[in-house]
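After this come two complexes, each holding chain A, first together with chain B and then together with chain C.
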Partner chain A sequence: MSYLKDKSDSLQTAAKTIPASAWFFMSWLVLMTLIPFFIIVGMSFLERTEFGNIRFHFNFDNYLVTFNVVYLKVLLKTLWLALIATASCLVVGFPVAYYLAKQAGPMKQMGLILLFIPFWTNFILRIYGIVSLLGNNGLLNQMLLHYQIVDSPVRILYTRVGVYIGLIYNYLPFLVVPVYSALEKLDPTLREASFDLGAGRIQTFFKVVIPNIKEGVFVGSLFVFIPMLGEYVIPDLLGGAKEAFLGKVMVDQFFTMQNWPLGSAMATLLSVIMLFALILQNRWKKNSGEAHAA
Partner chain B sequence: MPLELKSLSKDFGGFRLSPLDLKIERGEFFCLLGPSGCGKTTALRLMGGFETATSGSLFLKGSDITKLPPHKRNIHTVFQRYALFPHLNVFENVAFSLRLKKRPLSEIQERVKEALKLVEIENLATRKTNQISGGQSQRVALARAIVDRPDVLLLDEPLSALDPALRTKMREELKAICKKVQLTFVMVTHDQEEALQLSDRMAVMKDGICLQVGTPKAIYEDPVDSFVARFIGPVNEIKGEIVEEVEGVHAVQSLCGTFKVKKNGVALPKHISLLLRPEKMRILRTKANVHDNLIEGQIQELSYLGSRTEYTVKTKDNAFKVFEQELERQKKRSLNPGDKVFMTWRSEDSIVLPER
Partner chain C sequence: MGTQRLIGLIVGLAVVVGGIFYFNSKTKHENVLHICTWSNYFPETSIQAFTAKTGIRVELSYTSSNEELFSKLKAGATGFDIIQPSDYMLRQMNQLGMLGAIDPSKIPNLVHLEEFYKNLPYDPGLKYSIPFTWGTTGIAINTEKVKIPEGGVGWDILLNSPDTKHTSVLDDMREVFSATLLYQKQNPNTRDLAILKAAKEEISKVKERVLLFTSEPKPLLLNGEINIAHIYSTDAIQASAQNPKIKYFIPKEGGIVWTDNFAIPKSSPNSEMAHAFINFFLDPDNAVELVTANHLATPSKTLKAKLPESERNNPEIYPSREVMSKMHFLEEIGETLLFINKLWTEIKS
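On to the complex of A and B.
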């Protein structure tokens, strides 16, 4: 209860302190995000007619269907996929962030620009680019065949691996940047102090560097994990539509099955899961924040 | 001999620390003193292992540690900005080195407690590092560095981040703590008072070169050149020429008169600079109680500083700084700018250097 009370208090003070210039953005958020979100939530409690229309009849049937074993399996599979892809992003992205944070001068700027250059290209085009790289006649396989590393093309496209590659490629910068900025803020004399007191490089990394940047790592991971949960284009184009991921299933409910209430129920459920992840992060931040503020 | 530097040098391209030879004795408090950019911090970082020497070698208790990384040297550093670990509380910061050595918990607790007690912050053990003041952080950094008794403790301008009032207080406490722990200390500072108060011996550096090594008294009373003399404290300078010598007493002729200088058994060049410390000169209202040397002048400016009064006295071709202790001043008539005065000093109280 006190938690809720705190929340409403802080919301009120927040509303008072919003500068005039931010009102445009705030109204935009309300209009384009908050209201559609509540429409979806509302719709999830309605009913679909045989012809795909919506009947205003309040019920929980859509949620009962969503909690069906088939859909739960899809949900779990999606969570698992996003988890593995996030972990892989971390493995690939951490050294990049570490390297960039250690550089000085032009190399640093250059690296950051390189990281974001792909975003100047349309998302779908980039994914098709990957298709042409990974396909049986793609650049990768042609090279492997040419140098006789393999006898027949390696099947990457339209497999789970293809999906991971696409996800990692697309989301990597969103993880690298928070980790990079956390590393950047880390006082270099802390590492020296650690060496000085007898810790080697590896011990220093785990005992001093990681504990001081874990928040950045966590935020970066959430930045990639949450949108991955709803991702459907990448699994669709690179996974060959063979596997049902939650995003894909939802889109199908909306646009193929014309079952908007069921799709809404799934979307609401996913949003709740994401909300939990965010609350978790907030809690963590608050805890460490209190320690810093005092 | 805990620490010995043999022609240790570092070339950064733009800056160069010239080969440095130092022998730091066991239990000694050694200061590297100099203005910023003199190479004192580089020397300290070479000792700590944070820079690799371009040439020369470094010995710790007889073994060559020139190429050893910092974590393999039994030398700890108190960093200028303390570098306390923000993710650990005070206790864990101090326990860091002991935990790395995987000491038993009971021993860790005992030794950390002991170290915290030594620096008088036992009550802060569970605090976060951002919940303590600058002076307290200083103490934590010190406790963290002494807890596993390193062979040498390096202090990188440990007091410079504190405000002036606290700095003076911490200086005294640092001295007391060092006496108690009986380790070997090497401190870098640009504050000559700090160096004078704390060190057993010090090295005065400038532009990457070590100019002089000695006890505070030797450096103050017998500097090798005018830079050292000026850096360690204020001086007045008279340029002159030695015109005669009688049994160790030289007569120096200068534009403001002829002065006597007593230097036994030292050959002096003809052209010299006579350096006089302001506190070694006395200011006289009348020509009474005169020492060996006398010079006449007019008070240009005076600053009352409580414990002493500082006068600037103008002579024909020069200006002198003279300090007068409060006890002495009280006995006499007050002086004002414009007053005619005499300055006097003993023939053995001047520093003689070859003229630059």
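On to the complex of A and C.
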């Protein structure tokens, strides 16, 4: 109870500190995000008629269908895909963020700009670019064949590996930036102090750097993990649409099946999972904050 | 502070709501016809000719599938004056009362249509649609890479491919199910759950055998990524125009035939102008470019007579009577669709 009270108090204080100009953004959020979200939640309790209309008959059937083995399998597969891809992003992205944070002057600016230049191009075009890069007759295989590294083309496009490459490529900057800014904020004297107190580079990294930036790492990971759960274009174009992930299954319910209630139930369930991840992060942040205070 | 917040909130909401109304009203001009069509379907020159003749401006929006079109209309996209749904989608839209009646007296060019196309199973008598172009779904094969079997091409060359790493099937559950059902000598529009389950077992194996599911196999055929493709006739013939080694086949068990139609949504504010547009494009002289460029088949006998020899006598575009007798329309199958979708998800999960 006291936790809830804390929450409502902090919400009230938060509301008071929001400047008037921010209310424009708030009303935008309410109109464009919050209200549609509740429409989706409401629709998930309705019923599809034979030809794809929506009948106002309150029921939980859509959730029963969603908890069917098929859809749970799709959900688990999607969570697994997003988890592996997020971990890979972290492995690839952390050194990039670390390098950028250590740079000074123009190199740093340059690096950040380079990171986001691909986003000046349309998303679909970028994915088609990857398609022509990874295909059997694509640039990568042509090079491998030319330098006789392989005898026959390596099948990457239209496999799970192709999907991972696409996901990592597309989401990497969203992880790099929060990690970078956490590293940036890290007081360099902390590291110096650690060295002065006799810790080596590795010890300093794990005992001083990591604990101070873990929040940035967590936020960055969420930034890539959450949208990956709904991603359907990349698995379709790079994975050859041979596997159904949650995003695709949901889109199909809305656009192919005209089963908006079922699609809404799936979307609501996914939102609950995402909300859970955010609450977890919040809790964790609070706990680590208290640990620091102590 | 409180009043400031309130003012901020009101201004914010006003901007958002006002913006929506502003952009909404901006798109509603007098004398503009809004058409939702397929991409790369209408040649620019044909549309310009229509505007030059009637003074009616045309705004085209595009849809990539029947389902997307349906969703747009269902989600409340009003203001379309002409839509171009395929056969089975027409029936579904009509069931939901989304289509306005066609007034044949305003379309004198209907005389050009062959009688057969005035009585298609999904809209006999053309009460709410006019067939404009048609085509088939079959198999494209790069004959340089894959040997054509002596007994002719059947669905087995796709579904039990001899070149598994270079084969694609359409990413469309109705098309894949009907191909498999035809392969298994069943009715592609069956509602028999046991037969559908048997088809699903086959498709699960097909999934392991093929390289990918895609609804756009044309570029992959052309760049050599695939050699056998489940494909719409229009895409296949366009591909073979660029690479003559690519040939289109309608499997011996039969294939799927589809039509693209003109229909006027009930919500259209410009029914009169929409009729004028339909009439304009039923005039053979005005449609010849569109039909030739897309390698579509026309239901208009007058237009067919005007087409170049290479189009008119191309059996890939106009299959023989004997082949046509084995072709099927995809029918509206009601609740069975939900069952197929579940099987489809199972196949891909």
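What to note about this one:
The working rule: the second predicted complex is superposed on the first by the 284 of 294 C-alpha atoms of A that agree within 3 Å, B and C clash if a C-alpha of one lies under 4 Å from a C-alpha of the other, contacts with A are read in each partner's own complex, and residues count from 1 in each chain.
Just so it is clear, a contact is a pair of C-beta atoms (placed from the backbone, for glycine too) under 8 Å apart; a residue touches a chain by one contact, two chains touch by 3 or more.
Keep in mind the model is a prediction, meaning the values are calculated, not measured.
In the three-chain model built by superposing on chain A, chain B fits alongside chain C with no clash. By the document's definition of touching, neither partner reaches A:Gln281: not chain B, not chain C. With both structures placed on the common chain, the touch criterion links A:Ser88 to neither chain B nor chain C. Contacts of A:Asp236 after superposition on the shared chain: chain C is touched, whereas chain B is not.
Applying the stated contact rule after C-alpha superposition, one finds that A:Ser27 touches chain C and leaves chain B untouched. Taking chain A as the reference, the larger set of touched residues comes from C, when chain B and chain C are compared.
Contacts of A:Ser271 after superposition: neither chain B nor chain C is touched. When the two structures are aligned on the shared chain, A:Leu190 is found in touch with chain B, with no touch to chain C.
In the superposed model, A:Gly198 lies in contact with chain B only, and not with chain C.
Taking every C-alpha atom of chain B against every C-alpha atom of chain C, the smallest gap after superposition is 34 Å. On chain A, the surface touched by chain B in one complex and the surface touched by chain C in the other have no residue in common.
In the complex of the two chains, the chain A residues touching chain B come out as 187, 189-190, 192-200, 203, 207-208, 211-212, 291-292, 294. Across the complex, chain C is touched by residues 16, 18, 20-28, 31-32, 48, 50-53, 70-71, 73-74, 77, 135-137, 155, 157-158, 236, 240-244, 249, 252, 254-259 of chain A. Within the complex formed with chain A, the residues of chain B that make contact are 48-50, 69-71, 75-77, 79, 81, 83-88, 96-97, 100-101, 128, 130-131, 144-145, 148.
Within the complex formed with chain A, the chain C residues making contact are 1, 4-5, 7-9, 11-13, 15-17, 65, 67-68, 70-71, 74, 92, 95-96, 165, 168, 171, 173, 207, 211-214, 223-225, 334-335, 337-338, 341-342, 345-346, 348-349.
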